[in-house]
Amino acid sequence: MHRVDVHRIPTSGPDDTSGLANLIERGVIDPREVICVLGKTEGNGCVNDFSRGFATAAYKAMLAERLRVSGHEVAKRVLFIMSGGTEGVLSPHVTVFARRSVKGATAGAPRLAGGTFHTADFKPEELGTMAQVRSVERGVREAMTAAGIAEAKDVHFVQIKCPLLTAEAITAAQARGARVATTNTYASMGYSRGAAALGVAAALGEVASRDLGEAVICRRWDLYSRVASTSAGVELANCEILLLGNAAGAAGDLVIGHDVMEDAIDAAAVRRALASAGNGEMVGVFAKAEAEPTGRIRGRRHTMMDDSDINHTRHARAAVAAVIASVVGDPMVYVSGGAEHQGPSGGGPVAAIARV
Amino acid sequence: MHRVDVHRIPTSGPDDTSGLANLIERGVIDPREVICVLGKTEGNGCVNDFSRGFATAAYKAMLAERLRVSGHEVAKRVLFIMSGGTEGVLSPHVTVFARRSVKGATAGAPRLAGGTFHTADFKPEELGTMAQVRSVERGVREAMTAAGIAEAKDVHFVQIKCPLLTAEAITAAQARGARVATTNTYASMGYSRGAAALGVAAALGEVASRDLGEAVICRRWDLYSRVASTSAGVELANCEILLLGNAAGAAGDLVIGHDVMEDAIDAAAVRRALASAGNGEMVGVFAKAEAEPTGRIRGRRHTMMDDSDINHTRHARAAVAAVIASVVGDPMVYVSGGAEHQGPSGGGPVAAIARV
Amino acid sequence: MHRVDVHRIPTSGPDDTSGLANLIERGVIDPREVICVLGKTEGNGCVNDFSRGFATAAYKAMLAERLRVSGHEVAKRVLFIMSGGTEGVLSPHVTVFARRSVKGATAGAPRLAGGTFHTADFKPEELGTMAQVRSVERGVREAMTAAGIAEAKDVHFVQIKCPLLTAEAITAAQARGARVATTNTYASMGYSRGAAALGVAAALGEVASRDLGEAVICRRWDLYSRVASTSAGVELANCEILLLGNAAGAAGDLVIGHDVMEDAIDAAAVRRALASAGNGEMVGVFAKAEAEPTGRIRGRRHTMMDDSDINHTRHARAAVAAVIASVVGDPMVYVSGGAEHQGPSGGGPVAAIARV
Amino acid sequence: MHRVDVHRIPTSGPDDTSGLANLIERGVIDPREVICVLGKTEGNGCVNDFSRGFATAAYKAMLAERLRVSGHEVAKRVLFIMSGGTEGVLSPHVTVFARRSVKGATAGAPRLAGGTFHTADFKPEELGTMAQVRSVERGVREAMTAAGIAEAKDVHFVQIKCPLLTAEAITAAQARGARVATTNTYASMGYSRGAAALGVAAALGEVASRDLGEAVICRRWDLYSRVASTSAGVELANCEILLLGNAAGAAGDLVIGHDVMEDAIDAAAVRRALASAGNGEMVGVFAKAEAEPTGRIRGRRHTMMDDSDINHTRHARAAVAAVIASVVGDPMVYVSGGAEHQGPSGGGPVAAIARV
């Protein structure tokens, strides 16, 4: 039997690992049990956001030192998923997921369970295509098995870190005659997030396999997952998956639930997600944000898509994070931008973990 | 006896006057009765935001044509207060205030009343100083008289448009030996907003006159108005004041109320402001936003003050507007950035007008 | 016989028309002779740049008043081409082109000649397609006739203002089943500039008609014009063309020449353009700038394409303008961003007008 | 006898140490001889630029591994000075300075010599004050001794990395009653750079000691160093100094020279600096850039100071780097922003190292 514990830790900068180090020193966290470090870092969350790579390097080095193994070895055990962008009230932090075997009887009721999986590296020309969708689909099934979750309905949150295309990668791919999904580096983040989310939807049966194909990626917005949260970054070439749900066989005192925000100001959905997790003490809220692509929210024009100074993902994170923070009374929540195929157009999934 | 009517009109760009023109053509608004056009325009809301001046020019020209008078004459009758910045879900729009004499008995209960005042032009070296505070203080008293409001407690919203210092103005002032409050153009917006807000607080007795002085402007954040909303722009050299409250002698079916947000995620204050206006049909919500200057909201670190890519006023508007929109279910609200001496540090006033 | 005069006028803001007004009052410029106002305004030069529309509105209103005709009538006579973006040392200004009939003998040598043309409005789905290319091609031929220039080799600069796609226009087009060239508003500026430039290249025989087609627009960068300068803006729906060259039949004391910058730091090309205009007193320099799309300049990596905070057109304008200003010793030059099909990839045309 | 070698190495990202690693592996550089890694990294160069800290961490870790010592030990031996901001054509790279003892006769003529020094940490309230000026003054003298340079006239470039004030540091200082030079984090970078530059000027006799005092820092722009280049960053609390000049006792084949750009487009000064270094093969060019604070360059208005979307240091770097790159034909040059007390107002020092 396993239990998953969740530690939300404030950070003073991308490379601030002191909070986790302190919990390790105090014996609260055993570094061997850490399966994922999920962070909000304070870069722009777009292409040239080095705060994500900086944080990943710092946490990897710190855990390598504690575990007395190489950074390479740590990366095989632990998922480092850093989502850039702490716009508005968003507070930089990491959420550390630790998993350990426990003995004795189960809690009697389903409890938080989790599993991880790393896909193989993608070539630039595979990004944002069905090759990525299918690879993630297989990966999600592996992560369910690892988590001990048998049914899709018990999966409440699937966080994936996925790659993007840099100008250099695009040029290199084109030089050898390969065709990439987009030649715009910023746009490539959307394609990668979208393909990964459709992979989740396929694995969980949220979208029928026959509806999938190259033509629907980042086009058919009616096809989406209600639990996927995908985040693109320059610092990796594969997809890294963290899957969370409730399992009867899990121990501990945490429960996860979720709901779907229909738009950026859907506070009611946040309340439903908290209720779905039992309305206990909030341990973490995880949501996706995006600017409604048609340019209207509740019939009113917004200007996020036409702003050439600030990317729309930054606007959307600022808005959704403020709404969630106003409901839970805490700005240290996880809101990640770019919700392609994650929830309905202009909205996104919101998951909550609470203590029973 | 007077009544003040309020029309909230969506715009498709800074110079889109078609909505107001349509209401004039349909006879809903008599252009002679317009006392203020209060807009949210889609520039950056900072120094080089030309969307404000563009909107002002367009509305002035349109009303001049309808009234068959010069633009100069229109500017003497009508306040054009354009607040830049529609970050996040904020929807560009104008709120048009029209005031007319009506005959017959009063409503029996206090109703929305309003008055306006234009101060004299300020010299660059007066911006952000006690000279500006005292000038605004006198102006607010004049506006109360114009509105027919006798007591400070019946004033619920005082919107002021104030000037800023450009690099050229600073250089010119220094060339003749004058000392300006700040040589940073962006910072000058804060000084001007702060001095104007203290002028409101002085006029309404919210701050004792003996507590005022050069040294407190933009320093003593415990001194503030609960109803002031000030907005700086490059397109004027004086302060223009719109004062709103309830008066027993006013007619119509609108009531105004207000409350104060303690921080950017204080949704409860928004609900109290709506209740203070009688919880009727929402006709307009007007709020100020600012990044908590100490860098913490509910004990959590935020990064708005350290962001060199996006000004903190933009972050704060995005956050506060999303919170208010999530409460009222409409993103077409008025949220203006920079709340120096307007509400407590990190918070700001929020006013609501509702139909009885 | 005609002569074209060129007046370069500094501005203190987008709506500052005082310099031109002063020249009109002093009799230097007859407002009836103005054929084009070509401006550098201080917005972001991207989608939400309202400084262009603001400047256009102000100059149109001012000339309408002087000419005692409607703004609509002015727009039929005069081209208002405002290019946004004054990054780095670039100094906001307008260049006013005035054309008048003169009597007497020609100069004996070719002199500056100019002509203008307005195409019909484009539908959103025509932007960035061969429909735009062919319409501009016909327009350039009309403008040559208007200028009295018979041969393509005597054309040295063709400035075109073209439209872009807003989020609203894209949504509207899609709602009626039309397919647009791109759904990204910022990217649409590039497609529009590129199609307009290929129209110039087609008209002047720089690109063979058989090489043109939908598939080459913004893809085949080896196809380009050496004299086109196109600029996209939200404030118009058609293409407005100003064509300049030298004609034996023209009077006056101005000569125009041009060359092509191979990359952003090609100072030698600027010197050759000045020489091509006779190395006389500089009256105006006009250039296009773009970030080398492969990410390398002289073999060195640049980061303009991967910057999610500042658009690459802004970086490119800052660089090219500084190089030109350092050669001519004056930062009041015209450098416009986005050189799709205008000069070689990463470079762009540079034209110079000088007094004999 | 010593010689200093200079290696300019392109980087593919802030943490790309592969170029230096390759030179070490090939035996070109002995890691024990590295005294300074001076980098241009691709962040915003302002407060929240994590590319500098990321690069520093990566280079420190790599050298620690090669030298088999702790990172702490490396930091005592090697200066890591990372200047953020690669606007326009600027190409990310590091310049590695290596110094070693050599035997045999001197070159017969002065050759490149260098020395380093680390000051003690500063308290927040010392930043931008005479305490910082005097500490740097002493440090520069120490670095001259280390370089074997006796006379101020032989010093051609003094690069200093200095700290800035974060919102947290300001709040902490104020909490214990200390007064900081500025409460604006971005402005603090200027104060720190300015004080460090005055320290250089004092040490080299460029400014008389009697002219120095709190009131002149970032106010008396006529007081400046012609060789100082200072750069502020969040990743350190002291000042780190690299001093370069020519010494008769130095070996090798490199010579350094310098000149002063009077403004951002002063290409002639760049040519004079190259000449001052003997016009040999260019090994490195190092310059400071700043936006002319009065808002005018050669009498023309610029808009860098009034831009609330892009900080003026970014504009200035883009402009100056393009001018220098156009002269030397290579965009891989070192241009750092913010030239307070470094060269005249609006200009800055430019140094060149060339092979004899």
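Letters A, B, C and D mark the chains as written, and numbering starts fresh at 1 in each.
Basically, contacts are C-beta pairs under 8 Å (C-beta built on N, C-alpha and C of every residue); 3 or more make two chains touch, one makes a residue touch a chain.
Keep in mind it's a predicted model, so treat the numbers as computed, not measured.
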item: Farthest-lying chain, centroid of Cα atoms versus that of chain B; value: D
item: More contacts between chains, B-C or A-B; value: A-B
item: Chain centre separation (chain A, chain C; CA means) in Å; value: 45
item: Whole-Å separation of chain centres (CA-atom averages), chain B against chain C; value: 40
item: Residues of chain C engaged with two or more neighbouring chains; value: 12, 42, 44, 48, 168, 301, 303, 306, 309
item: Touching residues on chain A, where the partner in the complex is chain D; value: 12-15, 42-43, 48, 50-51, 53-54, 57-58, 61, 168, 234, 309
item: Complex contact set, residues of chain B against chain A; value: 10, 12, 42, 44, 86-92, 264-267, 297-298, 300-304, 306, 309-310, 314-316, 318-323, 325-327, 329-332
item: Residue ranges of chain D touching chain B (in the complex, touch as defined); value: 44, 46-49, 166-168, 171, 184-187, 294-295, 301, 303, 305-309, 311
